[in-house]
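We call the chains A, B, C, D, E and F, going by the order they appear; numbering starts again at 1 in every chain.
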Amino acid sequence: MKHQMQTEILKAEVLIEAIPYIRRFAGSIVVVKYGGSAMVDENLKKSVIQDIAMLKYIGLKPVVVHGGGKEITSLLDRLGKKSEFLDGLRVTDEETAQVAEMVLSGSIAKALVDELEGVGIKAVGISGKDGRTMLCSRKLDEKGRDLGFVGQIDKVDTSLLDTLLANNFVPVVSPVGVDGKGNTYNINADYAASAVAGALSAQKLMFLTDVEGILKDKDDPSSILRTLSKAQALSYIADGTVKGGMIPKVQCCIDGLEKGVESVHVLDGRVSHAILLEIFTTKGIGTMVTDKEIV
Amino acid sequence: MKHQMQTEILKAEVLIEAIPYIRRFAGSIVVVKYGGSAMVDENLKKSVIQDIAMLKYIGLKPVVVHGGGKEITSLLDRLGKKSEFLDGLRVTDEETAQVAEMVLSGSIAKALVDELEGVGIKAVGISGKDGRTMLCSRKLDEKGRDLGFVGQIDKVDTSLLDTLLANNFVPVVSPVGVDGKGNTYNINADYAASAVAGALSAQKLMFLTDVEGILKDKDDPSSILRTLSKAQALSYIADGTVKGGMIPKVQCCIDGLEKGVESVHVLDGRVSHAILLEIFTTKGIGTMVTDKEIV
Amino acid sequence: MKHQMQTEILKAEVLIEAIPYIRRFAGSIVVVKYGGSAMVDENLKKSVIQDIAMLKYIGLKPVVVHGGGKEITSLLDRLGKKSEFLDGLRVTDEETAQVAEMVLSGSIAKALVDELEGVGIKAVGISGKDGRTMLCSRKLDEKGRDLGFVGQIDKVDTSLLDTLLANNFVPVVSPVGVDGKGNTYNINADYAASAVAGALSAQKLMFLTDVEGILKDKDDPSSILRTLSKAQALSYIADGTVKGGMIPKVQCCIDGLEKGVESVHVLDGRVSHAILLEIFTTKGIGTMVTDKEIV
Amino acid sequence: MKHQMQTEILKAEVLIEAIPYIRRFAGSIVVVKYGGSAMVDENLKKSVIQDIAMLKYIGLKPVVVHGGGKEITSLLDRLGKKSEFLDGLRVTDEETAQVAEMVLSGSIAKALVDELEGVGIKAVGISGKDGRTMLCSRKLDEKGRDLGFVGQIDKVDTSLLDTLLANNFVPVVSPVGVDGKGNTYNINADYAASAVAGALSAQKLMFLTDVEGILKDKDDPSSILRTLSKAQALSYIADGTVKGGMIPKVQCCIDGLEKGVESVHVLDGRVSHAILLEIFTTKGIGTMVTDKEIV
Amino acid sequence: MKHQMQTEILKAEVLIEAIPYIRRFAGSIVVVKYGGSAMVDENLKKSVIQDIAMLKYIGLKPVVVHGGGKEITSLLDRLGKKSEFLDGLRVTDEETAQVAEMVLSGSIAKALVDELEGVGIKAVGISGKDGRTMLCSRKLDEKGRDLGFVGQIDKVDTSLLDTLLANNFVPVVSPVGVDGKGNTYNINADYAASAVAGALSAQKLMFLTDVEGILKDKDDPSSILRTLSKAQALSYIADGTVKGGMIPKVQCCIDGLEKGVESVHVLDGRVSHAILLEIFTTKGIGTMVTDKEIV
Amino acid sequence: MKHQMQTEILKAEVLIEAIPYIRRFAGSIVVVKYGGSAMVDENLKKSVIQDIAMLKYIGLKPVVVHGGGKEITSLLDRLGKKSEFLDGLRVTDEETAQVAEMVLSGSIAKALVDELEGVGIKAVGISGKDGRTMLCSRKLDEKGRDLGFVGQIDKVDTSLLDTLLANNFVPVVSPVGVDGKGNTYNINADYAASAVAGALSAQKLMFLTDVEGILKDKDDPSSILRTLSKAQALSYIADGTVKGGMIPKVQCCIDGLEKGVESVHVLDGRVSHAILLEIFTTKGIGTMVTDKEIV
């Protein structure tokens, strides 16, 4: 009995330790890019849903932008359509875009909504089509090649997101866009998250990834960079410190800052409760890119 | 020139003729069940979108509930899954429910949203999962057989619909439900429309069908019933006047009235602008089921 | 039956054609200067009332400013008081101003209110005295002569107009002003309309006149100017293209633009539904004076 | 200097004495029927305007309903139209009703508005036509004779009055009504005041009259009745204590109470500041008819 | 490093465990009677402040009612005034009431406010005098003896509390009342807390005491009653199960229930974070008195 | 009877005379520094309460900041603690600050609240601790000496004051501050009033003093300065016209102006209704320091 009480008191103390962080982030908009292992492993999935719910309950305003590349490939396979990639980017004809939309807006977003509702959070799955939230045109790849219906976001209209946030709904955003001529676009989810976070002037943008953070040496977890300014990030790309698959991640971080997000975080989504750990620990986890002074 | 002016004046007079109807229905919630030919024929499709836009512009509050049986069958076919029916009702295993959801919530709803946005209407595609709008359990068929994940609507939570309507969005509702245990349900769209209309205390619920209205003799369009009270509708079913495929339609009408809708309309969706014709003509078109005195 | 349906469908299409215009002008404040034949002929009168009602029903905010010169003269006659004019402007002693007020504020405005209420529009008749909406001083004529209680508008206080518009009332404004010392002023109605439209930052100011529009040759209707910029209007006055009775009209148009109205229209009030035709046709009718690019 | 200060302090004490009354009536709607000598004598007129302004400034919500019989007769005379009366009630043909409207709505109401604006009060002159505030039908006299366009008030729509009061305007109401068919009605002002006060659930309805109050003996001012319950008022009429011209006044008081007014006051409008005296003295002045317990 | 991460994850899991409780009590008003050891021991004091802050941050609405008997006695001593008690109740002459007020409203309440502000909570110290929150008369003791200015609460006016809660301030209430004649009353803090909780229709009323809860045998902590219905509480008093100093506590619980509080809790204030433990553990701690079904 | 009526009419005229002043100051925030004789003499006390109530009733927003030096000294005496002064300023050790707080926040503020409530005004006693309204640090005296817990106001947070004013409460502010580290500060009340008035952008700040106003010759009341600009005030200090005890008063006036108050008044609190006299007489009384043009 006594012992149990002691355990409970220790737990209460953990809650109490959270106060300064709750106080600091109350009312903040936090955009979470949800993807990678955290979308596959059932335990991690549950932990992400709980973390988002917790953010909502303590007064933050989470927005989820999800990915779904594997699920798209899987449905294309079942439909006998081969996924074609060019330097890692999906070649997206009209049919592919439509399949992607069904998977993202019809299956994944609604499943996430259902899980959030399951822990008492009011949630709504929307795509860039709803309220014309993300207006797109064709995005060429780095080499200037047209990969089809891959969306370049030209305009984020936040009126639907604003309405949902103001009425206590958590928006779950599918990276699907539209161009005003009836075309459907598949958008890179990291890029969609960064655009949405920027348009909402979010305090935080968190990328749940399958790496520890931004690493100087991608094979050495201990080479993780804890904090980076925009200038540093740019110079690390320039001088080759950041290289390969790390480059697009870092560019999305820089992109978020430029669009008005206060801090962008590359988190290890393979760690349970990565989102809460970032919010509720002094130094956070993973890598933070920001130009704000770190208090 | 003169002649053209005359034509324009005649058009202005048509607008003027609309005033008493605009006046009468200003602020009314109108739920439109969208399905059948009107969802297939491109011209009819365009005419439905225009009609809904017009309702919105003159101050009504339209809500769309759409169907999509053919599209579900088509995707199931492509996936090599045979659609099985029992007395006309789809046997819905878990996979079928998931395919239905992708088609309804991911493809059809978003396409409708895009068309409404194209005529300047702010629209949002939601399903019964978003905001737990439609909480379901398994619905047995008339003979008490379990057809799988076919949804019986136990509760409509209008908080998301209310938020969208109050903020000038047109909700486009997919007939997909959820049971709080992670199961997805395919719901009969007529039935979903009637539940939503009832929960919103809609003034009008309109079914766009492929028949002229409720016919005494299904092969004789001239046997159409123009207006019906609930009592008459019940007696027509009882005495066999209404029979066969007409029965579920009439039951959905009765169901709508019982849930608080003022009048329920069975319209011929094969006629252009059927929705506007119902609103803007004295006697309306198709069949109206109501217990309100007809003015 | 079939035929009747076709007719109804054609009518519905007319409504549908109106959508882009409704969309464009939703929420716009439109000030209508009502006078001339349109105030005398019973059919035209009815058409003006219907047009204003239609504007209100589709979401615009109409404000009516009316004239009444003939009615004033008629009552003065009955009272045995001769109307005296100097270069077409009424010499207005105290008694004349009081008679004008009774006719304008007591008779014409209230009759217009009643007709609008008759088509379901909430309307209120106010003059420049109510809420001190129009504060005046004596206006001298072009030659610097004092014609008595002819009002120069020094200040428009829109608080009453704002209150009425915000609460869905259509204000019907009599061109009667006040000077803070108990004096009543008769104001030229064109001038009052322009002042009110400017103070409200109206999107449109429409003058219902007895001419086709602004004509280069006043005897040749085909010499009508369809659109004019402010600069063009000024140069047409300067170079004598616009002359005689056209000059004050054009000056009122320029005045409206300078006070912040987006476009000013000189319409032929002898044409049925002139107001709707202006709103619902691509090129409008009559003459439009604006510095906005015409889309 | 000292002396002047003493005088000022005494004045301050008068203000202080007002506190309990201000406290008691804060927020109350007070309908003042303005007529008789108080509308003729310049000093009394000024005193009424000041009193109404004072009520407004200390947080009450005054509404003025004015009369104007003499002014109507005077304009009819000038127009060569003889005023005809039947048992003291004006026979009102269409022309008479129109003249009455011009005088009441066009001249008297606007003049009162101007005087209130002169002391810093926002005021608006409305008649029963504006916002269809008073919907009428023909009122027969006691003997069942039709006197023409004399209004029986069938419905008071308070939406315009509510809007004006909520936005800090003092409504000045002309006793002119309308019947929905374009007819104008002259309404007895006492009766209009009582209807308006009832519809607004006013705390007080004050009749400014040319008598001391309700007198048992109309020739003996000392026979004044200070307070009357509805029951007493009815019995005084029944037993002949109240007779002749007093009867309609008393009936208007009873009428007000029945419509929901808390107390109705017959005040001597020939006394300066009669309105303030009623509010700011313990026992009030004139006669109070009420069923509330007098505190 | 790894180890530290594990610790942090465990902490995050503690936060996650709190979700169902946060969800259940979001928006609830919780009145905490603060007194006893928890007001003396510095660590307990800090833990109470943290608990209240935590409640506020996760969306509950805490209200604090504090005691202060020891501090009053101490100041009376310093002023050379002997505290007199009759059966444990303080005899309260005018001077004593004034000293009590200085201690309670001037010293203790403001110190609590300061501590709450120190953890980022907006707080305001009020007494029953502010906004006439607690109107009192003299309370006789059980034997009918007048102990002086000991307050019986006749009316709680919640308008100030409502204003503070609606504007996110935590009210800290001193148990000092007033009688409308200028007299100051010392109120028993348990009783004040119960009155305030009832008037606010609080979900929870928590008494921080120096006992484990309600005990059958006051010397045996294991005889604690975990939950009690009102009926049980009454019968325990009647049959002598609850006796001595326990009786007033139990009566305060019953009193709270009768005034509309959902559940009343007797907590052991000597345990750290007793408030959070009650909220965040399934069975709570101490004794709960309620007539609601326990879920 | 007649005579009494005449008296009442004269009183009504006094009320009427107040209209232009009520009109001028409606909605204004007036901060009253309450101290000196007006806090001691029972009649003056009553007159101040009445004046503040009157301001509230006629639509101004009074805020009271009170002093209490004598009462602090008196309680210190009773506690056997000697008050020590250095050049007239109280040396304030921790105990002294705590005693001051009990007297100011616990006794005086609550008594004032009670008196205001007694005349129907909703009032709340707050100190600089509530809502951290006044954040302080140690203030050194002119010679740079540290006198202990004498507060220098570093920041006024008006959120609590704004909340109270917006909800029709009269704030009664004790000059007690806090430093965020748990220390309590005694603040000079003139200085607190000036800081509060500045932070609220008050229209008027009134000091109730024991002198006629600012005197050129402190022994000659007739040397009173009626109005002063900031520049004049500074020059009078510079050239020695204002000297001795007058200097801090004048500096507080200058301070108020610099913080944004429109006019600062030094009033003779020994005169009944000094506050009302200032508001309701053309030239006011005492001395007004302002840079606004005097109308």
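Everything that follows uses one rule, which is that contacts are C-beta pairs under 8 Å (C-beta built on N, C-alpha and C of every residue); 3 or more make two chains touch, one makes a residue touch a chain.
Not measured: the values here are computed from a predicted model.
When chain centres are defined as mean Cα coordinates, F lies farthest from chain B. Mean C-alpha position of chain C lies 36 Å from that of chain D. Our note on geometry: chain A versus chain D, Cα centroid distance of 69 Å, whole angstroms.
A straight line joining the Cα centres of chain D and chain F is 44 Å long.
The multi-chain contact residues of chain A, meaning those touching 2 or more other chains, do not exist; every residue touches at most one other chain.
Beginning the circuit at chain C and passing next to chain D, one meets the chains round the ring in the sequence C, D, F, E, A, B.
Per the touch definition, chain D reaches chain C in the complex via residues 75, 78-79, 98, 101-107, 110, 113-115, 117-118, 122-127, 129-132, 159-160, 163-164, 167, 169, 176, 178, 180, 182, 184. Residue ranges on chain A touching chain E, taken from their complex, read 5, 8-9, 11-20, 22-23, 26, 47, 50-51, 53-54, 57-59, 119-120, 271-273, 276-277, 280-281, 285.
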